[in-house]
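Look at the two complexes coming up: chain A is in both, with chain B in one and chain C in the other.
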Partner chain A sequence: MSATIEKGINSFKEVIDAPIASFFSSCVHCGLCAEACLFYTETGDAQYTPIHKLEPLRRVWQQEYTLLGKVGKALGLSKPVTDAELAEWEPLVYDSCTLCGRCAMVCPVGNDMTYMIRKMREGMAASGHAPEDLVAATTRAITIGSPMGIKWPAVLAQIKHVQAETGIAVPVEREGADYLVLMSSMEIINFPEYLSALSRIFKQAGVSWTLAQDAFEATNSGIQIGASDLAREIVSRIVVAAERLKVKCVISPECGHAFTALRWEGPNLMGRPFSFEVKHILEVLDELHTAGKLRTKGKDQRPLTYHDPCQIARRGGVIEQPRRLLNEIAEDFREMPDAGVMNWCCGGGGGVSANSRAEPLRLQSFKYKKGQIEATGTQTLITACANCRIVMEEGLEHYHMKVEVIGLTELLAEYLVEEEKT
Partner chain B sequence: MKPSEKPGSVGAGLKQRGVTRREFLEFCTAVTAMLALPPSMAKVMAEAISGARRQSVIWLSFQECTGCTESITRSHSPTLENLIFDLISLDYHHTLQAASGEAAERARASAMKDNEGRYLLIVDGSIPMGNPSYSTIAGISNYDMLVETAKGAAAIVAVGTCATYGGLPKADPNPTGAVSVSDIVKDKPIINVPGCPPIPVVMTGVLAHFLTFGSIPELDDLGRPKSFYGETIHDRCYRRPFYDQGKFAESFDDEAARQGWCLFKLGCKGPVTYNACATAKWNDGTSFPIQSGHGCIGCSEPNFWGAGPLYKALSMPVSANTAMLGGAVAAGAAAGVVITWHNRSNKSAAKMAHDKVTVQELTREEK
Partner chain C sequence: MSYLDLLTFARGSALNWALIIFSAGVVLRLFEIFGLGRKADLAKPRATTPGSGWRTIFTRSLPVQGMLKRDPVTYIGGYVFHLGLLFAIFFFAPHIEFFRGLTGLVWPGLPPALVDASVVSAIVALVVLLAHRLNNPVKRMLSGFGDYLAWAATLLPLLTGYLAYHHLLVEYTLMLALHLYSVELLLVLLPFTKLFHTFSVFISRWYNGDIFGRKGVAS
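This part shows the complex of A and B:
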C-alpha cells in the first residue's frame, strides 16, 4: 500500500462538497485575495494568489461536477490533473499557505480559501505530495503520540519540575475534575512556563483540573497534513480520555491549530457531538477573571503589543478576551495595525513551521509582522499560541530585533495575587 | 471671386437669405461636434459647404405618416435645422414641393437626368411588397419608383424607422408585406437614420457630412451613423445614477416617479436603444421622453412595434405564457435533479473508493 495519484484524485472528488462547488462557481477572478496573503505581499509573486493555489482542485471540480466540464472531459478538450502537476503545486499548497484565512475575509463573494486548501490537502496527502517533514511529524504523532516525539515520561519530568518550583501538586488522571488540560509539544519542550503559570492560576481560582496520561498532546498533525483519517485518530485520543475522566470541559492550550482541530473539526471528524465543552485557555481565563476568581495586582510598565493567532482570533473568535485580560495587567498596551479579525499571520501556521523546506519563504514573509511590531514601538510581544511564539522568536532573531515574546497565560501569572503570601 | 460668392453656391444662397457667416460657422461647429469630428473640421466644413453647389436631393415618401418630414421642418426658426433647406436643392418632395401632377413627376425626371450619379436620394416610409397597388404615386408603385430613382443616386438616406426597418407598416401581421429600403436596394451606399421620427440634427449632420467630404459617415452594423447611434439612451441618461442605486419608479404617479427615479420597471427601453435623444434632445434641445417622465419606447430599433409591450420591464419575458413558464421551471428542476443525482453518485463512488489513509500511505512506494 502506498500513496498514488489515483487515490489523490479520488480524494479530491470525495472532498468537493456544496460549499466548494459554490465557491469555485462564484469566483469572479478579481484577485483581491492576493493582496490579503502575506506570501504574495512579501514576494510580489502572482503564483501565491490564494485562489490559484487551488487550481488542480478546481479543475477536478469542473471536470467531474459541472456539465460543461464533463462534456469537455468526454471530448478530450480538458486535460486530467497529473502527478507532475500536483508535485508542482505541493509548495503552493503546503509551504505558502498557513491556513490563516485572511483571504477569505476580503473575498467579495465570500469564498473560504482556507476551507478549500484544508480539503485539498486530503488529496495531496493521499497522492504522496505532502512535504517530507510533515509526513515525519504525522508519523510520530500517530506512532509515538506527539509530533515532536514526546512521551508521557517527558511530561512527568516537567510536572515534577513545576511541582518543585511552585509547591503546588499537578493533578493527573483525576476522575470527575471540571477541566482536562492539554498541552502542545512546543510547550512541553520549549515553554515549561505554561504549566507552571496554569497551576498557580488554577490554585488561586480554586479550579478542579487534571492532566491525562494518554491525552496530553493537543496538536494534530493530521489536520495540518490534511489526512482526516489520521486527524480523527489523534483527536479521538482526547475524546476518549475526556469521557473516561468525565470532565466538563477540555482546555485547548496556547496553540492555534489545536483549537481548530478540537473545537471546530473535532465533532465532525468523530461524527458526533462531544459530551464535554471545548474552550481555549484564554476563554477560560477570561471567565475566571469576570467571575472575580482571577485576581491580579500591579501592572506591567513595559509597552506591550499583542499578536492575534489566526486560528484563535480570526478562525476561532477569541478576540475580546485577551484584550480584557491585558488591560488588567498592562499599563501601556498598544494595538498593532489590523489587529483582531484582520490580523496578519506570523507566517508559520498550518504546518509551515514544521516544514523546513519552507523556512526561507517563511522568514521572507515574516517581514510584514516585523514592520507591524516596529510600528508599535514596543519591545515586548504577547501572544497566545506557542507556534506563533516560536516562529516569531526565530523571525526576530533572523532580523536581529531585540523583542521578547511572552505567552499571555504566563504574563498573567506574574501579576497574580498569591494568597499564601498575603 | 470667392467660391462662396459664386451665384448658385450655398454661400451665395445663405447671404441672400440674410444668414450671417457667424451663424453659419456656429452651425458648422455644432454639426462637427455632433459628428464627433475634430474641432478643426468646422472651418473645413464651412468652406466646403459654402463653396459647394447646392446638393440635388430627391425625397421619396412611401408608406409613411409624414412625421419624419414634420420632424425636419417643425423646428424653431432660425435654427440650425432650418438651414438644411439652404444647403440643398430639394428637387422633389411631394409634401413640400409647389408643383403637382405631371409637373411634379417631370421635376423628378429632370433632376435624375441632370444630376445622374450625383444626387442624393432620401426615402421615408416602407415599401409594400404584398401588392404593388397598396401604395402608388402618379400611378407608379413604390417599388418601381424606388428602383428607378435609386439607380442614378450617389447614396441613399433612409429616414425614419419605416424606411430603415419597416416600422409600423411591418408590425405583425404586416398586411401590406412592408419591407425596408435596404431589403430592396443592395448596390448603393445606404445610411439608415432610424427613429419615429429621427432627431432633426441627426438628419442635418448626415447631410453636412456628405456635402463636406463627398462620402457617407462611419456606420455601425445596422447602417446607422456611429456618431449618433454609438451609445444607448440608458448609458447617457441623466437618470442613470438612480438605476445604478436600484432606485426605480413603480408607477407613473408614485413618489419615486416624482423624485425622477429610473423608469426601467415601467418598461423603459433605454438600455437597448441606440440613439442620441439623451444628448441632442428634442424641440430645440428642450427635453426628451425620459426627461418628461415617460420611458423610452425604443422607436429607433429594429422590430419597433414588434419587440414586446411598451410598459413591461425589459427583464420580463415577452412571449412566454404561464404554461410555458411552468414547463420551463419543471424542465429546469428535472435537469437539476438529474445533475444532482449524477454528481451525488459520482461523489459517493469516490467515498466508496476511499482507502483509509495510514501513515504508511503518506509516501510513495518507490521513495
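This part shows the complex of A and C:
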C-alpha cells in the first residue's frame, strides 16, 4: 500500500462532504479560530491558525467542487496541491492540532475545524505525510494489538498484581457480563491503579463485568493518524469481543480519544449501529453513584481542581458527571477558568503526545494549562484521561511545578466504603 | 449617454442581469454544497436533540466566554458593520419602496437620521476592520485578493449611497446610478466570493450545532 500524492488527493476528494463545503464557503478569514488554539496563543505564530492548517484541503474543495474553481483549474489558473506542499503542511496538521475542538466552538460562522482536520488526515496518511511515530504506533496496534506493543500477558501480569493487592478476582472472558471493561496502553503500563480502583468499585456496587483477552486495548491510533481502514480493524476487535461475550455495555477507560473512537466513530467505521452501549467510565460511575450503589466515606481535604479532557467533555458531552462525583469526595474542589466545554487542551491529544517531533511545541503550549492550574491555587489535579495525565505530568515537570495528577476513578476508590458489615 | 441614461440602464437591464446572476449563483452554490451530501451518523446520539442545529444558528452570533477580550476589534467591528448594513439595506424608506416593487412586501422603515448614522458606522467599521486585517498577522496571512475584493465591493454601495443621499461629490443622478451599479457588482460577486457566507453561514452553523448536539454539547 504505497502512499502517493494521487491517493492523498483522491482521499481529500472522498472526505469532502456537505458540512465541509459549507464550512469553507462560510469562512470570512476573520482569524478568530487562532485565538481559541493554544498552539497559536502560546507561540504567537500565525501558521498555527486552525483554518490555515486546512488550506490544502480547501484548495482541493475549491478546484474540484465549485464551478469557479473548476473553470480556474481548466484554464490552468489554479495552483494544484503538491506533494511538497503536503510535506510542508504535515507538522501543521499533526503536530499542532490535538483535535481538541475549541476553535469549532468559537468560529462565528460555525466551522468545525476539528471535523475537517480529522478528515484531512485521511489524505495526509494516504499520501505518506503522517508522522513516523504515529505510523509506527498504528503498525504496532495492527500487528501486536496495542500501539505501545502491549500483549495479553502484560495485562495478565497486571491482573495478578491487582488480585493480590485487592483480594478481588478480576473476571476475564465472562460471557453474559453487563460490562466489558477496556483499558488504554497508558493505564496498563503507567497507571495500574485504574484496574485496581475499578475492581474495588465494581465489587462494592455489585457490577457484573469482564475483561476480554483479545480486546483489552481501547485506544485507536487509526483515528489519530487518519486511516479509517486501520481504525475499523482496531475497533472491530472490541465489537467482536463485545458481541461474543454478549455484554450490554462497553466501558471506555480514562482515555479521551478512545472514547471518540468507540462511541462516536465506532459505528460509522463498522458501517452499522452497535448492539451494545458504549459509555465512558465517568458516566458509569455517575450512574452507580446516582443509583446509590457507589457509596463513599469522607472527603479529600486537599484543594483540588479538574482538567476536562477535550474528547470527554467538549467532544464527548461528559461534563456534569465528574463534577457530581468530585463534589461527593472533595472538600475543596475548585474549577479552572474556562472549565467544562471551553476548557483548554493539555496539548497532547489527537496523537500529538505520541509524536516525538512535536514535543518542544507541546511543552511550549503547556504554558496555558500551567496558567489555568496556577489560577486555582491547587496542587492536586484530577483528570479522566491517561493521556492527558501523562502529558500534564511531563508539562508540570518541565515547568518545575509541584502538582500531583490523579485519575478520578482512582481518587474515588480511595473514598469507597469497603467491606461494609451488615 | 447622459447621466439619466446611465441611471435608466442601471435600474433596468443591468439590475435584471445582476439579479439573474445573483439568484442563479446562489442556487448553484447551494447545490454545490448540498449536492455533496453527508453520510448518516450511525452512532446513537446522546440525547434526541431536535433543534440543536437551529439553536446554534442563533447562539453563535454571540462571542463565547473570554473571546471578546481576545479580539474586541473583530467582534465589535463585526457587529457594528453587520447591523449598520442591515439597517441601511432593509430599513431605509427608499429601499423598502424598491423591495415593494420587487416583492410586493412592505414593512416600516427607520428615521433617515438613524439609517444615516448606521451607514456611517458601517463605513467606519469597514475601514477599521481593513486596518485590523492589514495589521494583524493572522488576518494578513489568511487574506488574499478575494478578501480585499469583497471588502471593496461591500464598501462601495455604502459609500455611494451615503454620497447620493447627501448630494455630495458629483451630481445626484450620476451618484445614484453609481450606487446602483455598485449594488449590482455586489450582487454578482456575492455567490462567488466569501460574501456567500450571507447564505452559507446558516448551513455551517447548523451543521456545527448538529455535530455537537448529537454528543450532548450545546455549541
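Simple rule for what comes next: the second predicted complex is superposed on the first by the 418 of 422 C-alpha atoms of A that agree within 3 Å, B and C clash if a C-alpha of one lies under 4 Å from a C-alpha of the other, contacts with A are read in each partner's own complex, and residues count from 1 in each chain.
We adopt the following convention: a contact is a pair of C-beta atoms (placed from the backbone, for glycine too) under 8 Å apart; a residue touches a chain by one contact, two chains touch by 3 or more.
As the structure is a prediction and not an experimental result, all values here were calculated from the model.
Aligning the two structures on chain A places chain B and chain C in clashing positions.
By the touch criterion defined above, A:Ala130 lies against chain B but remains apart from chain C after alignment on the C-alpha atoms of chain A. Legend: residue contacts after superposition of the two complexes on their common chain; A:Val109 is shown touching chain C, with no touch to chain B. Shared-chain residue A:Gly316: touches chain C; no touch with chain B. Contacts of A:Asp214 after superposition: neither chain B nor chain C is touched.
Residue contacts after overlaying the shared chain place A:Val28 against chain C, while chain B stays out of touching range.
When the two structures are aligned on the shared chain, A:Asn10 is found in touch with chain B, with no touch to chain C. In the superposed model, A:Leu230 lies in contact with chain B only, and not with chain C. Once the two complexes are overlaid on the shared chain, A:Pro267 sits against chain C while remaining clear of chain B. Set side by side, chain B and chain C differ in how many residues of chain A they touch, and the one touching more is C. Of the two partner chains placed around the shared chain by superposition, chain B is the only one that A:Ser2 touches, whereas chain C remains out of contact.
After the shared chain A is superposed, the part of chain C among 163-171, 181-189 or 199-207 that runs into chain B is 163-171, by C-alpha clashes.
The intersection of chain A residues touching chain B with those touching chain C, taken from the two complexes, comprises 16-17, 65, 67.
Residue ranges on chain C touching chain A, taken from their complex, read 28-29, 32-39, 41-44, 46, 56-57, 60-61, 63-67, 70-71, 74, 78, 136-143, 147, 192, 194, 196-197, 200-201, 203-209, 211-212, 215-219.
Those residues of chain B that touch chain A in the complex are listed here as 339, 343, 346-347, 349-351, 353-365, 367.
Those residues of chain A that touch chain B in the shared complex are 1-4, 7, 10-11, 13-14, 16-17, 64-65, 67, 125-126, 128, 130, 135, 138-139, 142-143, 225, 227-230. Every residue of chain A that touches chain C in the complex is listed here, in rising order: 16-23, 25-32, 34-36, 40, 44, 46-47, 49, 51-52, 65-68, 104-112, 115, 263-268, 270-274, 277, 313-317, 319, 337-338, 341-342.
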